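Order of writing sets the chain letters: A, B and C. Residues in each chain are counted from 1.
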Amino acid sequence: MARIDLQHLKHSYIENPMVEDDYALKEVHYTWEDGGAYALLGPSGCGKTTLLNIISGLLRVSEGKILFDGKDVTALQPEGRNIAQVFQFPVVYDTMSVHDNLAFPLRNRGVDEDEVKRRVSETLDMLDLTKWSEKKARGLTADVKQKISLGRGMVRSDVNAILFDEPLTVIDPHLKWQLRSQLKLLHKQFGHTMVYVTHDQTEALTFADKVVVMYEGEIVQIGTPEELFERPSHTFVGYFIGSPGMNVLPVNIEGRTARIGGTEFELAGTPELKPGVRTDLGIRPEFIVLGEKGIPVSVQKVEDVGHHKIVRAAIEGQDISIVIGESASVPADPHVVFDRERVSIYADDWRVEMGG
Amino acid sequence: MKNFRWFVPTLYILFLMAPIYWLLNMSFKTTNEILGGFSLWPKDFTIDSYVEILTNPVWYNGYINSLSYVLLNMIISVSFALPAAYAFSRYRFLGDKHLFFWLLTNRMAPPAVFALPFLQLYSSMGLFDTPLAVALAHALFNIPLSVWILEGFMSGVPKEIDETAYIDGYSFPRFFVKIFMPLIASGIGVTAFFVFMFSWVELLLAKTLTSVAAKPIAAVMTRTSSTAGYELGLLAAAGVLTIIPGAIVIWFVRNHIAKGFAMGRV
Amino acid sequence: MNKTQNNKAWFLVLPVLAIVSLNAIVPLMTVVNYSVQETFGNNLFFFEGVRWFREVLDSERFQDSLLRQFSFTGIILAIEIPLGVAIALSMPKKGIWASVCLVLMSLPLLIPWNVVGAMWNIFALPDIGLLGYTLNAMGFDYNFTRQAISAWFTVILMDVWHWTSLVVLLAYAGLRSIDDSYYQAARIDGASKWAVFLYIQLPKLKHVLTLAFLLRFIDSFMIYTEPFVLTGGGPGNTTTFLSIDLVKSALGEFNLGAAGAMSLIYFLMTLLVCWLFYTLAMRGEER
């Protein structure tokens, strides 16, 4: 178990990257706490698997350093970094029994056989795999195979971190939930540092203490699920997290006053803006109140999604979504009010703080 | 370690090329030089052997005969195997598994076993000493192989494509030729390659079923080596010329070779 | 894939059935027919029962060629399969060099078998062949037309030259189908190269190696042209394998009954070995 320092990492698959766009991973500089559960979330091609493989050592990073508990591991091979990784498609050694699969990484490291036995049977217990112990790994179902790959990591008591690369992709839906809660439990019990790559926000938000949102090779925000929801620091985080995503409307700012088309209203503070930037206003559909006063909107349709309704509407020609209660209805002359405290202002897609 | 990995394949390729180089070397030597003793390259460079082969009808007819039965066999094998492979890949029918296995056993039959009966069979049909006899005889070995390879490729094409075509009003033959065959074009190419390979290299049956008119090039060479014995230059040149068609064919299918070899369900 | 039950599919198989039956069943019947009869020419045949079978099985000539056949097949399998796998393992994975390797390695597979024999004859001639000359210059007494050992050495080397590439191509295709994450997991687990080979590559190669083994067994078991052209079965009978022997007695001596019986024994043996091996190799799969 270890703290992971990512120092000024940059990675390119091209020999001599010239411009910023040549980098599959743009500058990453963060520290991940020992024992944390992190989820790397983002659409395909955003660089999350690249970052994961850099941490595990499968990829040699082009620039920057990686530290495990302060020790530089940048030049080390995966086996030297003492990490575990669970892949998208289950990797098991077909011809070995489940027991031998788990013993494999220990035996490779020359651990003596008594210790191997003890560690393996402990790990089998932890993962509820004991009943499969003597079975050949070949014929087992995908979820058991994923547990075996996880077991090959957990069996090493000194493992620095366990990395997951979309591990639930091939698991049946009803088992996904089960496996995820077991994972969460294991994390609570044993406190491994875990890094979990996924493009599914539910998976990320339920698994992780801290969610790392990536977009086009950059980390756009690291935060708890609440922070991502309430204060998305990039418009992409707003879109990507939450369903429906955050409303983003082009806006003109003058001091405390925001102007959307011909409508003006007061902000909670004065955004600190540099001149010449493009400004947007972001507000979650959950924080808009639909009623009979405020800014007039035209309602296009109402979707009932079960526990609430989504109202699709337009302000000054800009589409917005509004979430209203299951029993609420749309008034005859609809107006909306934005919750002032929950309005964020974005300058060139990045959130800016409000001054007093 | 890693940097020496290229060493193994390189050494192997050198081993493969050595006899071929020697054949080339001999083919450019005069008979006198060949019999005069050992030399690593031709000192008295000549292309006489090639000129002889390309101008003497006994020699070049051998090539024409070989190529004609090989082509004939390719056409027979592929066109017969296509519908059968389709049946095996799409339908279950009475005795399908047994039939498939029985077809494959024919691939395992030693040609020597069939040499004499074939001779009698094709003589009685009046086909002896024609390219068609050889083509038909080779079909016994090539059709099972073709069915096997084609079936593998066809199983990779989703069945929904067939169904969509039928719904769109295609008749079976039209669907097969217009839609299905283009989809498995690479499979047909790989099959043709293997059919070519077997038919081009096989000699026992080809020699047994021909005497004069359809004699294959390989058999013409056998005569030279056994009777004259010392026309080594000529023999070498003819050998070099038989390598060329194979090399051309390999070049065309180079991207599919590895896949084709692993085809099938074994 | 889900297949539909449809007995009309027989019509699609019919052409193949017709042509293969013509080629397989009629000649096979002829062979069976010969094998149980005796002829004194003029198309006069007498029923002989199993006499030919007994005679063939008892004859020293047949037993000797059978022994030679099994030794030859055993030796070349023992060399070609491991060698082929080793070469496939060390080949470049992709790019221009992989293509170059594949094309050059396939070349021997497309050379007519008698040309292979003739080429090796020229290559191995003790006085003017590269191989023969070099071996003699190095102090070995080598002459494949006179010494049985040299003849065997040459025939085996020729077969390795001719057919190892088939094993290489099959193994190469098998290796390419292994997903990268297997190698990555093995690196993380700290597996040695040997362990990667034993627990990842070899299990995945099982299918293609079964195929390679079967194909090499079948083809080497019916080898005829290459040794015939190279050594003519000699010196003496030392390289007379089953097919050479069979052709000699059927087409050379026109001893139809014996040849017929021998053909059947030969064919059945090939089938039996293939079936045995296939069943054994596939038994692990079922569970």
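Definition applied: a contact is a pair of C-beta atoms (placed from the backbone, for glycine too) under 8 Å apart; a residue touches a chain by one contact, two chains touch by 3 or more.
Quick caveat: nothing in here was measured; it's all calculated off a predicted structure.
> Give me the set of chains touching chain A intersected with the set touching chain B.
C
> Going by C-alpha centroids, which chain is farthest from chain C? Tell me that one.
Most distant chain from chain C: A.
> If you tally contacts for every chain pair, which pair is highest?
B-C
> List the centre-to-centre spacing of chain A and chain C in whole Å, with centres computed as mean CA coordinates.
Averaging C-alpha atoms per chain gives centres 57 Å apart.
> State, to the nearest whole Å, the distance from the C-alpha centre of chain B to the C-alpha centre of chain C.
Distance between chain centres: 16 Å.
> Under the touch definition given earlier, write down the residues of chain A that touch chain C in their complex.
Checking each residue of chain A against chain C gives 56-58, 77-79, 83-85, 87-89, 91, 93-96, 104-105, 108-109, 136, 139, 149, 152-153.
> With touch defined as at the start, can you tell me which chain C residues reach chain A in the complex?
Listed in rising order, the residues are 179, 181-182, 184-185, 187-192, 195, 199-200, 203-204, 287.
> Residues of chain B touching chain C in their complex?
5-9, 12-13, 15-23, 26, 34-35, 37-38, 40, 76, 80-81, 83-84, 86-94, 96, 99, 103, 105-121, 136-137, 139-140, 143-144, 147, 155, 159, 196-197, 200-204, 208, 217-219, 221-222, 225, 232, 235-236, 238-239, 242-243, 245-247, 249-251, 254-255, 257-259, 261-262, 264, 266
> Which positions of chain C touch chain B when the two form their complex?
Of all residues in chain C, those touching chain B are 1-10, 12-13, 15-17, 19-20, 22-24, 26-28, 30-31, 86-87, 90-92, 97, 99, 101-115, 118-123, 127-131, 133, 161, 164-166, 168-170, 172-174, 176-177, 207-208, 210-211, 214, 218, 221-222, 224-225, 229, 242-243, 246-247, 250-251, 256, 259, 263-264, 266-267, 270-271, 274, 278.
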